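Next come two complexes, and both contain chain A; in the first it sits with chain B, in the second with chain C.
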Partner chain A sequence: MPNEPAVRRSEHRPREASRGFWAEAWSRYRRRPIGMLALGFVVFLTAVAVFAPAIAGTKPVICRYKGKLYAPCLGYFNRRWEAPIFTTDKFRGTYPQNLQDKDPQSWAVWPLVFQDPYRRVRENEWPGRSENPSRDEGRPSRLNLFGTDQYGVDIFAKMVHGTTIALLVGFVSMGLAGSIGIIVGALGGYFGGWVDMLTSRITEVVMCVPTLVLILALVAVVEKPTIWKTMAIIGATGWTGIARLTRAEFLRLKESEFVMAARAAGAGPLRIMLRHILPNALAPVLVPITFGIASAILIEGSLSFLGFGPPPPTASWGSILNSARSNLQLWWLVVFPGTGIFLTVLAYNLVGEAIQEVTDPRLREAKK
Partner chain B sequence: MRQNEQGHGRWGSWWLTASIGAGLLGTAGLIGCGGSSSPSPAPPPELVESAEERKEPLPAVKLAPLEPFAAPPLVELDQEASWIDRPVQDGLVLLQQAQAEETVRGTVADALALRNDSADANATILAVLGRLPKPDEADLSARIDRHVGGDLGSTNPIMISTSAEFDILGLTGFGLFSFGRDLEPFAASETVVSWQTSTDRMLDKVVLRDDLVWSDGKPITAHDIAFTFQVIMDPRVPVPAVRSGTDQLRWVEAYDDHTVVFFHKEALATNVWNINFPVLPSHIYRQTWEADPTLKDSPEHVRLEQSPVCGGPYEIVERQRGQQIVLKRRASWSTVRGEQVREEPYFEEVRFRIIEDPNTTLLALKKGEIDEMILQPEQWMTQTVDDDFYARNTKATAPEWVSFHFGWNIDTVFFRDRRVRRAMSYAFNHDEMLEKLCYSLYEPCAGIFHPDAWMAGAKKPEPYKQDLDKAEALLDEAGWIDHDNDGVRDKEIDGRSVPFEFSIMVNQQPLRIAICTLLKENLDQIGVRLNVRPVESTVLQDLTQNHRFQAYFGGWGSGTDPDTSENLWKTGAMRNFCNYSNPEVDRLYEEGRQEFDRAKRAEKYARIQEILSDDQPYTWLYWRNSFYGFSKDLRGYVFSPRGPYHYSPGFGSLWKPRQE
Partner chain C sequence: MATFLLRRFLLGLITLAVITLIVYGLARSMPGNPLTVQLGESDPSRKLNPADQQRMLEIYGLDKPWPVGYLQWLSRVAQGDLGRSITRKQPVTQLIGERVGPTVLISGTALVLTWLLAIPLGLYASARGGHADERVIGIALYVLYSFPAFVAALFLQVIFAVWLQGTRWELPLFGMTDLPSDASWPARSLDIARHAILPVICQTYVSLAYSSRFIKANLEEVVRQDFIRTARAKGAGPWRVLIRHAFRNTLIPLVTLLGLSLPALVGGSVIIEQIFTWPGMGRLFFESIRERDYPTIMGLTFMFSLLTLAGQLLADVLYSLVDPRVSVD
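After this line comes the complex of A and B, so read on.
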């Protein structure tokens, strides 16, 4: 900030000097337009995932029925969250007409796009609206922004609801991988000796396990395969890179002066590891986690593409691609989910790269 | 794959779960359909689930070794039994006769120019392009490139099981019997001189022709047939399909080189199918099979597997695993001792290209690399309607006796009650499935027999239609009510409240998954939760056979005889996956087998169908028609309820015209 008056600078000097590592990294990050753009895209996706039922759906976001307020759209997240009164009152899944018929006093706030990710919208389900086209006639139109698949299910609604899966897979599996990797790496790096020997060998063994094959085996064996189990496997096999980086950081940092000082002050191993070493070791570990999220999204996409994804009719981007396999002339079944996966993976990779650059002093030096 | 049938319908149904497209069902092939009809085995019975995958033997009841049997001398038999002559026919001649009576619907050029977009166009294409050649019209040096969806498990004819095996072994195998388009059995005149049955129906006597030789030049004799029976019945030999039915025989005795007598255990209407099994060359296997009863492990058997000794009109000349199998017409089939004794098949070479993915297959057809393929409904509707397809090809469809269903496991708390099963059928939106998911290409299915079949009887069950109010009333009646007001029906069982939430297993096929997803949507509307669980077809077969499921989506191809469905419905039967049990059905099957008057038999089977329709152990969905794409060079395709190939003449009626 060369243009600022000298006086102000001197006033602020003490605060700037105490600015922490993370604050510093963030301010550097903010100066990277591509990194910011990518981060913005991830935030946008998160918003889409959270508000998916309000963006595309056939259940009211909020409605007043027989004097009470309900939010049936939550049923898209969990079937139990849709009030049972609509089952007992025989709504049978279609709200617009039933709300009117069964309670003329009722009102409702509808999602932005009246389309369902799990089924075909039928004739006059929304008064005056034609049914979804099926077969090969579902090209993008005003009613079906991204077209429909061969069975008449709207692709836009599937994409929006599929965002939840794509993001969840990334966060949950890498959250798990990150926890395992950091714990294993920290133990090995800090204690050394036989502990290090043991954790390193375990890491190497796990590295040999092919994730895809393991998931395919799971799908065949498990009684009720769910997306959560798939995430667990991706997480349980994807922590090895993180563990090795953490171990290297711990090996380096445990010899540093501030750790010695802490030890001299009587801090126990747990406190030293968590309080002193870990925060300083975290930056390099964030990078593989970010890349890991991207690769987890890709794995889920490939699994769904192969037909081993979350059970139908769960909407996921890979399963839309899968439905394109039988007829490649339906370009909209390839272009939209393909673009979605590509952009998301790209965004995570850009975020990862940016984090790497802003937190690694050597890279920073090299740039200068 | 399909399983097939060689045996006459004996081997039961195949499962179709797997592939719809690709292979589907197996139909059976006849064996022998070669150039002409050859002797072939019989039609198969039912279907297989995905047949392609069925490589393992069905879990069979533990088989005891065959007990020795002292066959009385032939003179004695002839004195005691009075023989009735049975038909000895040539499927190709039968077809020629039938076609001679048809009126010609147009010229070949017109038919080739047609687009198959209406029932009328389809009928014209079938009638005109399905005709047999006039003398000298066929190119006898032609080659046909056929498609199969999977490789052969084995080239040994008694190991036959999948539809690919039926397709190929049908051309290379030797057999005495076959069946026509109407599924009526007869002995093939290409191999048999006479066939007689005793009046008590306990004996069948067949006299073979004396001008039959194996591809290595050795004569084919009655001893080969008696020997093969011994091999099939040896418990050490892992025979996947052919044993079922054959095991109803007490003994097979060769009295001289040409006379063979089949001894039955009981007088059954199904005996005509049981005597039809594939035949091994005894001069080859007599030395080797004792040392290696698996028939595939010893070096000798490995060599035979690669280049088998064939008894049919074609022999295998090249086999590239996973790629292609090439068959050549063998001269020793039609010419023996310097004389022409049989008609030559129309093709000199039959090349089977192995392609698993239906889209790749369609590309190969459009490029002219293959001459025929089974089309998926979606391909039929959307990818075979433009010039790109019609430039080289045309297509045809016909009804086929293959049906699909949801099966409900009666041994679960949910489906024990008939009312619940009926509620499932009323909940399902059949019309939406037929129109939107199956594109109106399939007929609704309401029971176990195709409405065109003689055994369906006069009174046919009505297909269920969606009626959610009725479904809810039935569930209420059965005690499945939402007591705890959480939106899901439940019932107190053994002091515990059980929510109505179950899983349906389905093969990894988009259409089948879409149908199950529709069921999920429908059940959701009446407070029942369904989880759709796509699994590999091998897993599906394993779990259903062991009754470890709540519901599944599957299909069966019909056998040639209604008795072949017995192993689906009789109490404790092997393929009674749903654990259905009804003493009346068991009794009717017994009676049906012992009844020889067709009209009376039909009554029994119609009654079975009626009972099953009331009990709804399955929710029957649709009959899947055959859809085929054919090169414009091909002629002579005629469809039977088992598709265009697996009967007599079947593949034997296909030909290519001479190039001008």
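After this line comes the complex of A and C, so read on.
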């Protein structure tokens, strides 16, 4: 019988396997209301970022046009994903009237808020609705929930679409910083000797240059800053803390018995580092990464705010704040993006704090 | 002690050389140079013709590849000369001397305020650990800690310069003083103080939140130790235990933190000074990057890195002074 051995093996296993480290940590995390609330907020932001074109936009989420179904809202993610038929039929970005005129049979599902993050909504673009207010008249109203900027562009739409950037900045730059930090720290901690000497020196040098000085210099070197280059720069400068922690963990763990056992079994250095030490070193390293996400969002915000960010039309929260600097009368340009950045940073800090408390046994002891 | 200092000093020199090398390389790789950026931006017709430009580059020594330029810079620094600013036609040391005062005015006040408030707050929070008021303070400090300084600066500007405009609570939006330089000094200092309030608040609150949380965390660590139990057992009151026995033992990490805040004291904050157009060091750095003013960029970088390294060394030395158990050797 082919499946007999499997059955027998499962009989020999203890009735209830003890939960793994991460399952244990998660069950403790779930009991922390503030941590869960913060995590919920991050999930909410992710949802906003993913569904941004369906929340605010001027392109239909789904429409039926000349007998076919389209999803023009995807054009917000990538221009090429907007079906070419709308270009050949000369829609020029305004859908409501054009759909009616060119195919009376058509129907469309519209975004929740009919506003565009990149341009001003004009008169009668949505039948019967007047033009967006501009200059200093754009205070928050029923149509423009968070008001409009000097040029009449809706702030709510800008913020919804800017969520993608706020999240991407955190994940991409910390993904990069985490990879560099873990590799540098792991090499130094595991091999020791001159490798350690070299990696520690490099880490120290990068640490000694004030972060903003290094970032401003790098941004100035990059000729045309795009959001991706900004992320790369934040990542390339933010790995030092992670490297030092990883190094300390590797130094500690490489002397442990399970590593010796692995080595005795013939595992090579790469395998030991990746399969045996890294999983055990990951929890403490996760904490500075989470805090790093918060500070990456902060740095991107301040760069855009200083005018060193990606050029328009990239809608980042920091660039809305930048446009508010010369027009402080327009308080809504300050309050909404400012609160957005603040809440996001706070949420990541709280998540980091909670992870620290559920994964660090020393802190758990302290609470008892 | 002497060998320790010597070793740290030599290592520090190497680190300093590497840092300045990197920043010099970066600065010289930025597109444009001081001549093109400064003149080309203001008026395209005033662009230098190629021959003049080449001649001026030669005068400033910018015609050679940057590694050569770096070595020249380094040898001048070794002789105690930071060079002259290209765009401001002033020696860099003089520029720094002009800007350091305003920066220390803000960051020094902020530092003193931070510690004056953070120590009582930290002590209070750990004395009342677990009570409702401690929770409220803790949450408030955490929220403050996550509040980005540039957002806070804008919020404060909106409140004090726009909403309260015309009332007696109105505060100036930016700059250091509105009065002419021949105004009497009491009026001038009052005016400068009014201008300094918002930047000082912005610099204080973040470090206040951080420092008081830091003090509390350290106190909680110390309070669990045996000598605290002994102190309680011999009948010392709760406050006496906290201040005389516990707090004195948390001074060590505090001293480290103080040493590490040295560069920020003189270096100032680029963002805060930029928002309030405060004529300090941070703003000077920002402007010098914009203008591609290599000597100023390098002079400031040199100073920042020197202070960072000095701060670390100072922290280590103070460590051994505060705690006789720690020895640097």
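As a working rule, the second predicted complex is superposed on the first by the 334 of 368 C-alpha atoms of A that agree within 3 Å, B and C clash if a C-alpha of one lies under 4 Å from a C-alpha of the other, contacts with A are read in each partner's own complex, and residues count from 1 in each chain.
The definition used in the following text is that a contact is a pair of C-beta atoms (placed from the backbone, for glycine too) under 8 Å apart; a residue touches a chain by one contact, two chains touch by 3 or more.
This one's a predicted model, so the numbers in the text were calculated from it and none came from an experiment.
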Pick one for A:Q329: touches chain B only (first), chain C only (second), both, or neither. both
Chain B versus chain C as contact partner of A:P279, first or second or both or neither: neither
Now for A:P225: first (chain B), second (chain C), both, or neither, which partner does it touch? first
Quick check on the superposed pair: does A:P269 touch chain B, chain C, both, or neither? Answer first, second, both or neither. neither
May I ask you to decide whether A:G338 touches chain B, chain C, both, or neither, giving the answer as first, second, both or neither? second
Examine A:A217 and indicate which partner it touches, taking first as chain B and second as chain C; both and neither are also allowed. second
Does chain B (first) or chain C (second) touch A:T88, or do both, or does neither? first
In the superposed arrangement, which partner chain does A:L321 touch: chain B (first), chain C (second), both, or neither? second
Both chain B and chain C contact which residues of chain A? 220, 223, 325, 328-329
Quick one: in the complex, what on chain C touches chain A? 15, 18-19, 22-23, 26-27, 29-31, 142-143, 145-148, 150-151, 154-155, 157-158, 161-163, 173, 220, 224, 263, 267, 270-271, 274-275, 285-286, 289, 297, 300-301, 304-305, 308-309
Going by the contact rule set out above, which residues of chain A touch chain B in the complex? 79-80, 82-84, 86-88, 90, 92-93, 118-120, 134-136, 150-152, 219-220, 223-225, 307, 311-313, 322-323, 325-329
How about chain B: which of its residues touch chain A in the complex? 358-359, 376, 378, 381-383, 436-437, 439, 468, 472, 482, 485-488, 503, 508, 510, 513-514, 516-518, 520-521, 524-527, 529, 531-536, 539
Of all residues in chain A, which touch chain C in the complex? 201, 204-205, 208-210, 212-214, 216-218, 220-221, 223, 294, 298, 301-302, 305-306, 321, 324-325, 328-329, 331, 334-335, 338, 341-342, 345-346, 349-350, 366
